[in-house]
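Note that the chains take the letters A, B, C, D, E, F, G, H, I and J in the order they are written out, and that residue 1 is the start of every chain.
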Amino acid sequence: MPDPSLLEAFQTPTDQPLVIEHVAEEFTSVCPVTGHPDFGEVTLRFQPAPPDSEAGKTGCVELKSLKLYLQSFRDEGIYYEAVTHRIRHDLVGLMRPTWLQIITDWRGRGGIRSVVRADYGDVPGEYRGI
Amino acid sequence: MPDPSLLEAFQTPTDQPLVIEHVAEEFTSVCPVTGHPDFGEVTLRFQPAPPDSEAGKTGCVELKSLKLYLQSFRDEGIYYEAVTHRIRHDLVGLMRPTWLQIITDWRGRGGIRSVVRADYGDVPGEYRGI
Amino acid sequence: MPDPSLLEAFQTPTDQPLVIEHVAEEFTSVCPVTGHPDFGEVTLRFQPAPPDSEAGKTGCVELKSLKLYLQSFRDEGIYYEAVTHRIRHDLVGLMRPTWLQIITDWRGRGGIRSVVRADYGDVPGEYRGI
Amino acid sequence: MPDPSLLEAFQTPTDQPLVIEHVAEEFTSVCPVTGHPDFGEVTLRFQPAPPDSEAGKTGCVELKSLKLYLQSFRDEGIYYEAVTHRIRHDLVGLMRPTWLQIITDWRGRGGIRSVVRADYGDVPGEYRGI
Amino acid sequence: MPDPSLLEAFQTPTDQPLVIEHVAEEFTSVCPVTGHPDFGEVTLRFQPAPPDSEAGKTGCVELKSLKLYLQSFRDEGIYYEAVTHRIRHDLVGLMRPTWLQIITDWRGRGGIRSVVRADYGDVPGEYRGI
Amino acid sequence: MPDPSLLEAFQTPTDQPLVIEHVAEEFTSVCPVTGHPDFGEVTLRFQPAPPDSEAGKTGCVELKSLKLYLQSFRDEGIYYEAVTHRIRHDLVGLMRPTWLQIITDWRGRGGIRSVVRADYGDVPGEYRGI
Amino acid sequence: MPDPSLLEAFQTPTDQPLVIEHVAEEFTSVCPVTGHPDFGEVTLRFQPAPPDSEAGKTGCVELKSLKLYLQSFRDEGIYYEAVTHRIRHDLVGLMRPTWLQIITDWRGRGGIRSVVRADYGDVPGEYRGI
Amino acid sequence: MPDPSLLEAFQTPTDQPLVIEHVAEEFTSVCPVTGHPDFGEVTLRFQPAPPDSEAGKTGCVELKSLKLYLQSFRDEGIYYEAVTHRIRHDLVGLMRPTWLQIITDWRGRGGIRSVVRADYGDVPGEYRGI
Amino acid sequence: MPDPSLLEAFQTPTDQPLVIEHVAEEFTSVCPVTGHPDFGEVTLRFQPAPPDSEAGKTGCVELKSLKLYLQSFRDEGIYYEAVTHRIRHDLVGLMRPTWLQIITDWRGRGGIRSVVRADYGDVPGEYRGI
Amino acid sequence: MPDPSLLEAFQTPTDQPLVIEHVAEEFTSVCPVTGHPDFGEVTLRFQPAPPDSEAGKTGCVELKSLKLYLQSFRDEGIYYEAVTHRIRHDLVGLMRPTWLQIITDWRGRGGIRSVVRADYGDVPGEYRGI
């Protein structure tokens, strides 16, 4: 079951702007209709909150905790759109970033492959194309 | 015969913005002039209507129904431009999305390959390049 | 000799916007200086005139006629820039489109390969990069 | 229905050895179980019979007839293995080649993609890897 | 738990030689040491037993059953080498093929990616390179 | 018209073995049936005759003359197989090499692309795969 | 230990605008938590200060000194984000450029690969996408 | 020694806008410090002056002269930045274009590869990314 | 310092033949002449000894120990050839495999990139090409 | 002028077999007919003589000396075939290897690109394909 309590964060390391991108190439969950596994890739991009703000104290997600959090979807029956929205929701809750973007890119099913993008805040134009 | 009654939809799962892309890599119809088959790839991109709007109740096309709908073009004699426009028309009718884009990418005939793009609504700039 | 009389057109099939791209991967003409053949790829992009306008009656170039027209350059001694301009001129004359773009991409000569782009009308920004 | 009567041939053009390969990138048939379309690529390789032999009079399949023959599988419910064997059977019957090889390469279904290879006669070692 | 009872087979469709390859691009099991998921790709190649032999009656694995069988490793804590050997063992038991080959190709762990190959019978030389 | 008199040669430069490969990426001739242009790539591989043999005096084709010779097919109505055989014939006549190989690789027509290979003499195994 | 004293600079060579990009493909530091090495690629982009300004006297980093400076991270236990920020800090201190951008692209750890981008000054829009 | 007197030009062939790009894939000069050769690729993009302007009379650089001019850097000891600026200077002097852009892309030295971009005039946004 | 005592092994898991390949994409050592770091990729391929032989008890190298062993070269001044030979020596000592192959693939230095291959025992022909 | 005196060698580091490959990606010489520069890539593969043989004392070419030697062709007017033969000759003279192979791969001229291969001794089959 997706478990946001697995997520940990550390303080934003600088008050000058950073953009951080993590790409988890090995994501799997379960199709809620057929029960077959879904496989995809999850991309997270964000600008962390400034270090001296309240949000900045937990401004950057810790990598190993992100990995464990993503693994917690392994047995979850959940749609593509809901996976994407859920990850956005949990990471925004953790980091309260200036902006954040989640892109899930799914291998094909029946000859159709899909991408879902979920933005939070004012994502810069250069990241808006999938 | 293209059959929009095959299409099914589900309610938009969140009131925060999502962009959804489905790519059907295996599309075939028939050239209305020569009777030979045409082969191509169909890309659908859209932002679903908000879930609490009337349109949002059918805001997201269901994937298996999309597959069956696209298969219904298999024996249809129809031009590239008309395929593209028809899919736009039927999916806008189903989902009434905030914006939507259909791109059909056709394998070559006589050394010329073609791409047709049909937009609906205010497609963001980052999706306007083919 | 380039022969625009080979070009045929059909009426724009919808009054909603379309962008159409045709890529002819096998184009050859002759270098007017050396007499050696030149080889390249010709890309045509355009937005057809609305169907109920005068221009819209011949809003879309027919694919086989485009192929024959491009073949008519086979024995022509002509520079890259003039090929590109000529195709723009003839297709604008045929279709009177909202906007149109011709890109010719030439294989190398003496270690230098070239691309020439010719726009007509208000080509959207997303197509302006070569 | 697969129709070998569509196939035509011409005499082998030289008594010196030739190897000929044709790759049909756009093949479709129907899954006999689910009724869904299958898409794949068909490769034919062969060494034609010598021109002065009886077989050599119809030593080389004519390309347009090959295209029409492959199109005749479009509505056939048939397994991957049977498609591959059937094409081998029909082309061996037509050309009686020194050797022949059919490879069908199918797009994925449920995350599994498949390749089937059918040889006839003494296919040289360098063509034996899929 | 890997469950060979999920596997089904059908009779080899021809007494002329065939080589069949199935590539499952989405395989996952669990590392028995760390408990973290492993992701990889499983390739199966084989020449089915002749149809009129006892083995030939179950000469070809059915695709959907293969998919379900491979999914049954999802929660299994098992080494790369054992996965590969186990699949070889179960498929040889099912099909008793002339020869068979299993290749598992694993995404990296700690900067090291791995491939394991397990042959059965007299695999032709052209398939022996990983 | 293909004109072997355009071909020139120079003496093999060493009595130690050499293998020489020339790839002409821009070849065009005309389909004898439809009159439409064909486009392809021509590969020539050979081991020149030893320099102190009679054949070795014209052991290596000169590059510019090869280019002009290949250009002489530009207006010729000729089949793929005949192009390949003709080039083999003319170059063997010029150079009398230890072995020689011609491969023509043609862009698709009607969704089928073709490769034709013509060997002369004892072509080493490593060059026998197309 | 990262050692900015290794960095050397030369005067901006022209008062007309230049954009300079250096990509160091072989960067390694040490994970401060696990002690395992990290491997990545470091990209530096900047517009040097005008040559007649005070900053312009040291407007361009010298390449060999950049290489030695980057090597000085080899034994440093340091996070991705801190590497990126540190390089930005040291190069801004050296060159005082009009604008500058550092992108570090890290090979995967546990199935997650990361990119960190640090901008200084008014980085043009075309460089803002990672 | 770089020799701009080698450059020749011809009149802009049309008063409608053109964008012209030439890519010289084989450029070499000499490192002024080490004396070792540098290898790179030079890209030139420009919009020629209108044909009826004074500048338009020499609006387009002639390709063979461009090749000879670039070859004249072969023995020159010169930095990346200076090569790029010098080519911009000489071509602006020749053609007085509406805008012009030079990009030099250098193979690595010591694990660092470099790109230098030099613009002249109002280069459109779509060409500003390296 | 390369430390073979870091290596651990486990018993070969089956008495049927296996081929195992591990590719460490991130290897670094130090050039003994210049003191600059070298970067490369190390490939290990082997057939483990049968499990019931004395050698088979330590027939397969454990992955994490292999990673630590390869990291122990990080500060070693050592030539490409010696790295390759040393890894062969240490792994043969550990596993006493039926055959084994080490390939090191080094990023370029001064425009030259290198590959070194070290075999042990009767490496099958299909692995002999680098 | 090609200068083999620039070449230096060191003793073969092990009496167990090694295969060594060096690829110089940046080679240039001059066409003896036109005076224009030629650009190519030079590959050297060899098995060094055993260390305790007379030849083994200079069994391995030193990398920096190889680079300088290859640079000495920079101003030489010389054919592709002669470059290839010359490098073989000079390196065989230096190292007296068990076997050696030189492959030169040249960028196109007039639409034709070329590869020349020169072997010495009993080059293993797996290296014989270009």
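Here is the rule we go by: a residue touches a chain if its C-beta (ideal position, glycine included) is under 8 Å from a C-beta of that chain, and two chains touch if they have at least 3 such contacts.
Small disclaimer: the values here were computed from a predicted structure and weren't measured.
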Starting at subunit D, how many touch steps does it take at minimum to reach subunit G?
-> 2
Sorted by label, the chains bordering both subunit A and subunit G are E
Equivalent interface positions on subunit A and subunit B, same or different at half = different
Angle of rotation relating subunit E to subunit J [CA atoms, steps of 5 degrees] | 145
Among B-D, A-B or B-F, which chain pair copies the contacts of A-G, with over half of them the same by residue number?
-> A-B
Please work out the Cα centroid separation of subunit A and subunit F, and write it as a whole number of Å.
-> 56
Rounded Å distance between subunit D and subunit J, as computed from the means of their C-alpha atoms | 44
Taking each chain's mean CA coordinate, subunit G and subunit J are separated, in whole Å, by 37
Which residues of subunit B are in contact with two or more other chains?
-> 25-26, 36, 39, 107-111, 125
Chains that touch, pairwise = A-B, A-D, A-E, A-G, B-C, B-D, B-F, C-F, C-H, C-J, D-E, D-F, E-G, E-I, F-J, G-H, G-I, H-I, H-J, I-J
List of subunit F residues in touch with subunit C within their complex | 25-26, 28, 36-37, 39, 71, 74, 107
Contact set on subunit G toward subunit H in their complex | 13-14, 16-26, 45, 60, 63-64, 66-67, 124-127
Interface with subunit D, subunit A side, in the complex: residues 36, 39, 107-111
Touching subunit A in the complex, subunit G uses residues 79, 81-82, 84-85, 88, 108-120, 125, 128-130
